[in-house]
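A, B, C, D and E label the chains in the order they appear, each numbered from 1.
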Amino acid sequence: ACGDNTAAPAANSNGSSSTTTAISGDFQGAGASSQQAAVEAWIAGFQGTNPDAKIAYNPSGSGAGVTTFLTGATAWAGSDKALASDEVEQSKKVCAEGTAFDVPVYVSPIAVVFNLKGVSDAGKHVNMDASTIAKIFDGKITKWNDDAIKSQNPDLDLPDTPITVVHRSDKSGTTQNFVSYFKDVAPNDWSYDLSENWPNEVGQGAKGTSGVVSTVKQADGTIGYADFSAVGDLGTVAVKVGEKYVEISAEGAAKTIEDSPKDESATGDNRIVLKVNHNTTVDGAYPIALVSYDIVCPAYKDTKQAEFAKAWLTYVTSDEGQKTAQDAAGTAPLPSSLTAEISKSIEAIKTK
Amino acid sequence: MGQRIDVNHENIYYGDFLAVEDVNINIEPNKVTAFIGPSGCGKSTVLRTLDRMHEIIPGAHVEGEVLLEGKNLYAKDVDPVAVRRDVGMVFQRPNPFPTMSIRENVLAGVRLNNKHLAKSDADDLVEWALRGANLWEEVKDRLDNPGIGLSGGQQQRLCIARAVAVHPQVLLMDEPCSALDPISTLAVEDLINELKSDYTIVIVTHNMQQAARIADFTAFFNLKAVGQPGHLEYFADTTTMFNNPQNEEAERYISGRFG
Amino acid sequence: MGQRIDVNHENIYYGDFLAVEDVNINIEPNKVTAFIGPSGCGKSTVLRTLDRMHEIIPGAHVEGEVLLEGKNLYAKDVDPVAVRRDVGMVFQRPNPFPTMSIRENVLAGVRLNNKHLAKSDADDLVEWALRGANLWEEVKDRLDNPGIGLSGGQQQRLCIARAVAVHPQVLLMDEPCSALDPISTLAVEDLINELKSDYTIVIVTHNMQQAARIADFTAFFNLKAVGQPGHLEYFADTTTMFNNPQNEEAERYISGRFG
Amino acid sequence: MSSQDDKTIDQPVSGKTADKVFKGVAYACGILILVVLAAVFLFLFFRAWPLIGGDQAANSETVSSFTGGKASSFWGYVGPLLFGTVLVSLLALLISFFVSIGIALFISHYAPKKLATALSYVVDLLAAIPSVIYGLWGGLVLVPAIYPFWNWVATYLGWIPLFQGPAANPSRTVATVAVVLAVMVLPIITSMSRDIFLQTPRLHEEAALALGATKWEMVKLAVLPFGKSGIVSASMLALGRALGETMAVLMILSPGLNYSIKLLQASQNQTIAANIAAQYPEANDLGVSTLIGTGLILFLITFVVNYIARKITEKASA
Amino acid sequence: MSAVEKSPMDGAPKIDFDKFRPTRSAIQRRNVKDYFMRGLIALAFVVACVPLISVLWTTIINGIKRLNLNFLSYNMTGVVGGNQTPSGGYGGVLHAIIGTLEITAGAMIISIPIGVMCAVYLVEYSIHGKLATTISLLVDVMSGIPSIVAGLFAFSMFTIIFGPGTINGFEGSVALSLLMLPTVVKSCEEMLKIVPNDLREASLALGVTKQRTITKIVLRTALPGIVSGAILAIARVIGETAPLLMTAGFISSTNVNLFSGQMTTLPVYVYQEYSKLSANCPANADATCVTTIPMERAWAAALVLIVIVLLLNLIGRIVAKVFAVKTER
């Protein structure tokens, strides 16, 4: 249509494995806003080989995305968390046969970001273990020069600045993944139930990852958590893994996911749901990470949709797709250990 | 030709308030009838019942009959719009249409009824009406200026021109000269004299000399006390009214005359 | 005591339009001066320069002097508000404050200076002013009703009461009786006669009989042609003006009189 | 002029049908308002029905998940939201009301004509600045800029419970949001009351001036009484906008669910509209019902507020 | 003459007017108060100017950076991270401008005729009846409908009629018209009310039907006011974000069909770009890859939105001027 930017030339486009006929038609997706950057890049890449496919992604939120998917209005949903079992049940109504399933599409590290004069603006990290982070976010540690922090950062000159915690005010997969880290690693310092909503009233809440990041930027002494891709020039906390403090990186997150088992509670055909192993001690692994999923049906009432879903997932999980997301959204690639299983699930989509 | 008006047992209300009581009057065709009386006695109110303008005030209503050539204006099947087309009206305060030029104001009655006039006919009509209202000389060079830009007196004469332009059978005037200077008043009075050969004219005036000069018949309204309804005290031909009134109240009122 | 007004070489403008040209007039204290003349000649305009009401119209301005007891109203250091305190005004169209009761309307001017008026003082003042305007009997039982609910004539009398209540030195009246019936007019004329022992009064009127009856001096304004500025044609004491005018235009105008 | 053909009142009037049709359309449009509102109400009620008629255990679980366990019943949830909504809106109205009336008077009666025309234009333009822009500005410019002021207030006026410190830094607080909303509604009140003030009959202004009133007294005697009902209705429009404002609150306020009047502290209050926008994307079906339930409450609140305001206007003009 | 009537002044109380003479201090006080209020009013103006100028200034300064022809003539398809597009830009708002104009026009077409006719009913036809009182009360209430609720309403209505998941521009128009309607009715009502009754009477007395009186005299006289009211109403909704997020959705390509497919509007675009906050660049990216591009696009789009509003205002003003009515006050 008018005003379209010509699709970015598909980089080394001989990469796509199954060279079936190009997909064409209108396709819609909706879901996690955190996926938006990656999805936009994927759409551009996908259209490089399928120029007649018109794809729209509405970053309305994971919950809304799944709800919309369950009405049958979209071909796929993007989500920061796997389907709940009742959602799997509901999907019977929408899918032509079988139940919907989740496929991991990328791994994303969650950064603990902070803004502290003399530290973050000097490009320095602060070292913290899980217990310290949990206590800060629970309002138990309120000063930057608290002994708990000082003792882990002998090299830093920490000021007497009060800590302002910044957390998400909306329901968020990021929040759930972040606090599940406390639950797993520092259970004694985090008594709240696991939820997508921030559980206490410490500090300030902000809407969306952008809200958290811009709030942290606005004042001295703030600390928050955000998707790695949004961190910008804020300081990040190096998290204690084993005996070492690990700085955030995409590779570190990938290592953690490689070390993570499948979530056995997620029952249903073709589902690949991971349980992030926050207690990993793998060298260089960064333990606060989330896995983002695409949710699709094994069969669609409209075979065009099925063909699209299959081609889409194939592209997204391919090396090329993963590289695109890494460049455009700073995500970590899926561990190669999952490749075979993912292909199997994708193959389950019936296109006839 | 003008038409006669007969008012029978008319009571006029504003909501629950009886403003004028039991009016009976016969208004002769092709004559000028003047309404006089003290302020608040209901002259304007009665006048406005003669073309059913009274009823546009919320809650206002009329009991009794008003017969125009024998046909009751207030009969069920009579359309007030048709009544007002036959019975023109000029108000106490000048009210030209602010969106319209002088010319359009004069033509408003014709144009708003979706009648199409040839330009030459329209020009003739405008000139005729404005001359009648003694305004032609003052405005002939700026017919396309807004009517609202005229002075008060000029505006009122424009309104008279507008009412006259639709050729009504009856012309009601509520103190049309109260904002006019003597020269304009004279012109309007001449106009009234001229018009009465074609139309029936009813005029409310505070100026008894004016009534004496132009009216063939005069109706004297009065009110017993403030808050009480007004009523028609005495109706007579003008000569009788001013020279030999057979009514004490009327005589008292008129003898207090001046001006 | 009333104050004298001397107008010297006054030109009055609406924006660029010169409405009235070179007015020179001496208004005697404790006398009634009437302004007469055809519509549009600038009577109202001149009157409004006497208490600096003219200048509230955007673009309107005055050249020349208006001396109140020798002090130029248009001098730099004179506050128009102070002028208007001393020079009261009654307008052509009645303009009671719509949100106020009859009583509050009368007191509006006094309240500006006397925030806390004793109830008895206020009552007396209201009665005095309303009697002066011949309105007392009609409204004494409903002083707390809104002023806007009165008939046109009653409203105008209320405005006169309001202007009189502040007891000004000079009283300007722009056709105050044009909406009044003869009885109210008579009362107002009596009031004017009574007031002139205390105040200087200037009145615009269309009614030459009224001028002849109440004025000590009469100023005749005229305009050469429409669109031309108006001017003061002739100024004389009233007897001369009406019986033996030394000005042809004035004589023509007055001999065309009627009403 | 030649006399026209005789007319009588019996003759049919042209435009009769048009008259009837027009009247019918006008009535229909009037009634359509009722229908639309009924539809909105019914829909909200229908969607919120599970709160009343549904599984109560699931409801309280939903509420718990929204509030992190702080409240478990719908009323426990909506109460603080309602409090926050009304608090923020009233503060905004309070801040902007006098300023707006001042500007309106400035434009209508004080400023020179040319300046007034220019100002009118600017005000109309400002009324049109979208809330998302105010959100951007409030969140990115005002929040850091206003902190020293709030800090000063908290330090010196902290003994007033409203201003109890310490002032949150960054100032993503009710006080800051109220300022932003005040700026947002200011052009609405200003532009409506200016229009009304300009309509004050010259006759009344002249009456006041002729009595020797100063300009301000003239305004008090003639302009303000004339404009009163207009001012009230402008304020109600403004309050309506403040009550329902979503984006600016969403983008600025750090929300909390307390009955708190600590204006300078973060995470104290939240408004219903912003809460819906924040929670809707991630809400499940029952969650949407709960949110719509809160929307229904907001709807009813605006009803009550406007009803009261209307009664005030009626009394004033009676 | 006056012998006939007894003087009305008989029995009038004697008044000591010296008591009411303004004292020096009273006059002083009044003048001080006058100056004080003058000062306050001017101050109100200055105080209000600070934030308002700041809003405009911030938007212009931040927005002008990316506001160029490229930004106006492309949509967001094929924009990846902070990378430059082949045309040398960083994506644009063409699709959002089209969406905003179409959706707002749709809302106008729905709500202005209804609103004006409703106001006509309230002012010209209802005779202080119960129905009219109720309707005008409900119009007040309607003006308090939170935009987000209007969005939910339109969304569910379309879900019921056209099936679940229906999202299109017209749906957004419906949501916006719900928000516009009360503003149109209210302002139109005010404008009709101040048309002097004299004019209606003059027209009716000429034997003009009520319908023609209303359309040709009353509405004509009130037209400039109605136009400016309509502009205010448009301004009220053109910047709505929340309801459009749920009804019209979000899409990066251009959609000109109001009745099918998602449609992006400028406010939604601004919000979405703000939510992205920053974009990623590949590790080896050169200087043409801008990480802060989303915020820059947000400000530029905000500026475009303001300019569109400005143009609308201008058009409205010209229309109002052409039809201007000199009424006496």
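Here, a residue touches a chain if its C-beta (ideal position, glycine included) is under 8 Å from a C-beta of that chain, and two chains touch if they have at least 3 such contacts.
This is a predicted model, so every value here is computed, not measured.
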Worksheet item: To get from chain D to chain E along touching chains, fewest steps?
Response: 1
Discussion item. So if I look at the partners of chain C and the partners of chain E, which chains show up in both lists?
Written reply: B, D
Worksheet item: Ranked by contacting C-beta pairs, which pair of chains comes out on top?
Response: D-E
Worksheet entry | Central subunit by CA centre of mass proxy | E
Discussion item. Taking the mean of the CA coordinates per chain, how far is chain B from chain C in Å?
Written reply: 29
Worksheet item: Taking each chain's centre as the mean of its CA atoms, how far is chain A from chain B in angstrom?
Response: 84
Worksheet item: Whole-Å distance, chain A centre to chain E centre, using C-alpha means?
Response: 40
Response to the item:
Multi-chain touching residues of chain B, meaning two or more other chains, are 81-83, 85-86, 93, 113-114, 256, 258
Worksheet item: What are the residues of chain D that contact at least two other chains?
Response: 13, 15-16, 19, 140, 201, 203, 214-215, 217, 250-251, 280
Practice prompt. Could you list which residues of chain A touch at least two other chains?
Written response: 33, 60, 214
Response to the item:
Full set of chain pairs in contact is A-D, A-E, B-C, B-D, B-E, C-D, C-E, D-E
Worksheet, complete the sentence: In their shared complex, chain A is touched by residues of chain D numbered 65-69, 139-140, 143-144, 147, 168-170, 172, 250-251, 254-256, 258, 266-267, 278-285, 287
Worksheet item: Along chain D, where are the residues that touch chain E in the complex?
Response: 13, 15-16, 18-19, 21-23, 25-34, 36-37, 39-40, 43-44, 47, 98-103, 105-106, 110, 119, 121-122, 124-137, 140-142, 179, 183, 186-188, 190-192, 195-196, 198-203, 214-217, 219, 230, 233, 236-237, 239-241, 243-247, 250-251, 272-273, 276-277, 280, 292, 295, 298-299, 301-303, 305-307, 309-310
Worksheet item: Where on chain E does chain A make contact in their complex?
Response: 73-81, 83, 85-87, 89, 91-92, 94-95, 164-167, 245-246, 249-256, 261-262, 272, 274-283, 291
Item to complete: Name, in rising order, each residue of chain B that touches chain C in their complex.
Response: 37-40, 92-93, 137-138, 151-154, 175, 178-186, 206-210, 213, 226-227, 253, 256-259
Worksheet, complete the sentence: chain B contacts chain E in the complex at 51, 53, 56, 58-59, 81-86, 88-89, 91, 93, 95-99, 108-109, 112-114, 146, 148-149, 159, 162-163, 166, 252, 255-256, 258
